[in-house]
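One structure is given below, represented as structure tokens, and several questions about it will come after.
Labels A, B, C and D are assigned to the chains in the order they are written; within every chain, residues are numbered from 1.
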């Protein structure tokens, strides 16, 4: 049992980490492009999943519902850019953060007004049970849904990477991320880019929402996955996509290890703060996060 | 027309540095205090005292603490609810375990406990800044609540894992009636607010703001960054701690650790952003906005739509309106209510002559 | 103009060496910012460090007041070696400075900025301040006297209560000088005090620098890459290029130095 | 498609605006002179809204039913005002104070269905003469009416529930003896609520010789892989799932499936035993057990009648009538029954037939709650509530539960008669704990 169990904890942890990273990804995209710490990401995850299920309930087939929801999220993203961010441009980081929290309330309210407060389940056709063959061969239990989620996350990240690397939009994005002023000066439509990024973040939220929803139901509690993403973010650095992936894996594995092997000594439940303690440790070593850009402070 | 500084000259630095250089302001402040201490207890209904004014004062105090740290010293922190919890549980235990412990002493001690904890969790601020620090301080938030929840000793092994505040007695008089509670809280808050104002306008405040605005320059001028930052954390946490103790003793009565959630921390940060970063007044205005606006909305909606519309709808709409108002407000006046007030005053000075 | 200023006998004749820099080398990773720099600063003199952009002038200043730690070489203050300098220690020793790109406390008024400059002279604890105990009040008023004097000296009475963020560039530079003076420094380090100024502003600044030197006898070490102004106001000049010292001496000597001329060719001003 | 979403939103807002005009219309109850006023601190948004809408909807539907069916209690109309608490202590206290007075009307019963809010007002109810009912939650030792005269943990406290659940597990295992050496995991929300039953569980673990493994889950509990890895590591025989909120509870079930832990070996606290708690888990929830203070279903005559009268009359409170007969809604109805029964008793005892009651009379009426089998039959709720009576010293009364099982579509009761707790032991513990509280708070227990 010993080693098997260890492997189970490790792999399980890593896979949970992927789930965290999925949420953190949305934060990074927006922060990178517009310097906004978008606390509403959690609400967006909830809203996206809820809308998707809602449309299915209205009788839309899976793919149609998916497309429509993507449409919704894109609209939401653009609306946010137009009505929240654009008027607040050049405001301090905190002000922007606070605005996104206000946005959180709005999204939560709209979601519950439009779709009601009922709890729904989301079936992606993959059962959340251990991979049979793995269980038979090694006795190690790994949920196939988690594996599926990991694969999806991988594809998502790969697509984004491609988007950034190969397309003009991507190049523009990177330019914006590097230096807003410069980007403007070479004629990149900043506002359009921001809207685009918010739209992409919305889609990322949808993916995260669907996977989380399939795992633990589509319901208000999905809002709180944002909290799981925060330590991941500071370890990975607000501006680094590979950063959050790695950090997600680290946090996932570490927190499970801690909860299973150390937790019992303190009566358990240390998962609530352990990732943050871990994050602080990382920060003390690298204040700008694992992959974040080094902060150079000239005199 | 009467709001003028004409004929009021400052002949000494002391006069120049007083809180209200204008006589009119001084009079207004006195009137306000008189009203708060005498008129309100006499005429305000129990509902106003027990449900609105007492919590408002308490949260103003906490917001003040947050403002010292974030507004003046520029350290973005999300641990305030945690520090409140420390204060609440410390006060309970002092009252419980030291017999004959005077309430006010317990209050101060609990503030000191919070200050100590605050300093400990402020240490990362020496190396981490901005949003990174904010998220890092969440560690305080979660760890404190976890610890208080986990170890039964803090709750005197209460099987339900809650503490029940002891009656507040000062010199034999027990502050039990809403009026008495209100006056006690008001006195404490007013006193601490004055101290905060003194620090803010004195050398202490200058070093905080220096660290906030340009820490390298501050250091080059010989300011000890570490001491200044930790001092800010300590004082801020002291205010939060006292606020937390009052929250438990003068407001909720019976509390469980999980009453001090991260959501509360966010709301407190909200209060200072909406109210005005780096202003004493802003803390009070912001607390009013964040605390009372949702209540106002729900009262309004129930009054208007009452039983006619499904309450689920009104509740959701309340949420939407609240969120939108926050966004709109941040757009219209990103410097907070305090700035708004200042501007109106400036206008008043020149009125009726437009500048 | 400065010539005249120096013509009459100085209130504080140039004295003994107050600061000695020996074989200082500074590297950032592989990049060599300073290599084996040595020079001295005498009491009450105006010492300029000049050189083209990227010559390592600012680095030199940052070494002097302990923002950077040189890998090699030593600093000695009044003959005693300085180990492990830190900005705070420098401040306590009476070294204060201004910054190339203004580093004022934007949110605070001119008055508060300069008052902050005197923090080393305020010893009241936060409790004394909070309760406005005698010592706190006394310190506040005494230091305010000094600060008002400086404000007068720099002719910025009219903006006393204005948040520095709202001031024009030139005035901000002046306030920063005021903040540095507030500490009543032995040595005043000025990092390109005239950068980005127009002629009048530059002349004002020159006047203030010389007056400071004259009036308080403050030793001034200033950086400029614009030779013109510097030559007039400084007693001695060190010339750096690519982190190396290529000249040292009176303005006239330096002006005549071939290396210096070469270094400055191409970077016409 | 988004348009439907938008237009719905707009319709919502529009509805409000339109209704704003007609808001002046006074509500029926107020029109009549005599009315008994209730304050309803509901939560209809946020993570627990699914339960809140059901429960408070049930209460309102029953009050409405009493008004429509029999014109109130002896002509006294039931009236009520609602207030959104968001399951938040501070908001809840504000609601309590707001609802306390409505014009010249006074609130005499407060049921927040939220532990933090109950605590927030615990120290206020005595002075305000408000009966604080904790329907299946809150301080277990509040069952001691001598120390908590105004608090009623009717009808089964957490401690009784825990003991009853263990009794049932014991019978499943074929007797207490067979529990020796078995392992029972107490998977609980890491909060006061989650730890509440530990005194009982630990004590019985000692007495019966099974091993108890307490495994806390940090709120909100939508990520439990670590906890279930521990359960797998410990090789637990049974898991008691002591969670709150659909998020945590459904996650507990799915996480069990992830390690092939048999759902037939899981028993949920009744806050983990509603439709909302299992639906998100889908297939995985099949076979999952839960405790219930009130079983689900429409088979009860009263429920059918409410559907006919209230919803037939278009006065139903549930947005989605399909939820009639759900656990939370049924619970709400029975809560309403307690209130109305209290009013009936109160009118009788104070012989104020056909008049509104004051605080003391309401308290007396509630304390006189006596649901005999005959009465249950009259009300048409046989099997929906156990037969029990309260007394001056015993504010709990029943201390029994039903065990229900999810078949993938609905809850079925597995025990026909109610599973009882160890009444004697629990009472001892209650009195002991209440006494300690009395000492700490310098309360002199009143004589009974």
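Observations on the structure shown:
Here is the rule we use: contacts are C-beta pairs under 8 Å (C-beta built on N, C-alpha and C of every residue); 3 or more make two chains touch, one makes a residue touch a chain.
Worth saying up front: this structure is predicted, and the values here are computed from it rather than measured.
Set side by side, A-D and A-B show the greater C-beta contact count at A-D. Distance from per-chain Cα centroids to the pooled protein Cα centroid is smallest for B. With chains reduced to the mean position of their C-alpha atoms, the one farthest from chain B is C. Taking the mean of the C-alpha atoms as each chain's centre, chain B and chain D sit 36 Å apart. Between the Cα centres of chain A and chain C there is a gap of 49 Å. Chain centres here are Cα means. That of chain A falls 33 Å from that of chain B. Annotation for chain C: residues touching 2 or more other chains are 67, 99, 103.
In chain A, 108-110, 112-113, 116-117, 267, 269, 272, 299 are the positions where the chain touches two or more neighbouring chains simultaneously. Residue positions 146, 149-150, 216, 312-313, 315-319 of chain B each touch two or more of the other chains.
For chain A in complex with chain D, the touching residues are 1, 5, 8-9, 12-13, 16, 19, 51, 54-55, 58, 60, 68, 71-72, 75, 108-110, 112-114, 116-121, 123, 127-130, 135, 141, 143, 146, 212, 215-225, 228, 255-256, 259-260, 263-264, 267-269, 271-272. Those residues of chain D lying in contact with chain B across their complex are 12-13, 15-16, 19-20, 22-23, 25, 27, 42-45, 49, 53, 81-84, 86, 88-91, 93-94, 96-98, 100-101, 115-116, 119-120, 122-124, 138-141, 190-192, 195-196, 199, 218-219, 317, 319, 433, 437, 440-442. Those residues of chain B that touch chain C in the shared complex are 12-14, 17, 195-196, 198-199, 202-204, 206-207, 209-210, 212-214, 216-224, 231, 235, 278. Chain A makes touch with chain B in their complex at residues 37, 83-84, 87-88, 91-95, 97-99, 101-110, 112-113, 116-117, 227, 230-231, 233-234, 238, 266-267, 269-270, 272-273, 276-277, 279-280, 283-284, 287-289, 297, 299. Residues of chain C that touch chain B in their complex: 65, 67, 87-88, 90-92, 96-97, 99, 103-108, 112, 115-117, 119-120, 122, 124, 126, 129-132, 136-137, 139-141, 144-145, 179, 183.
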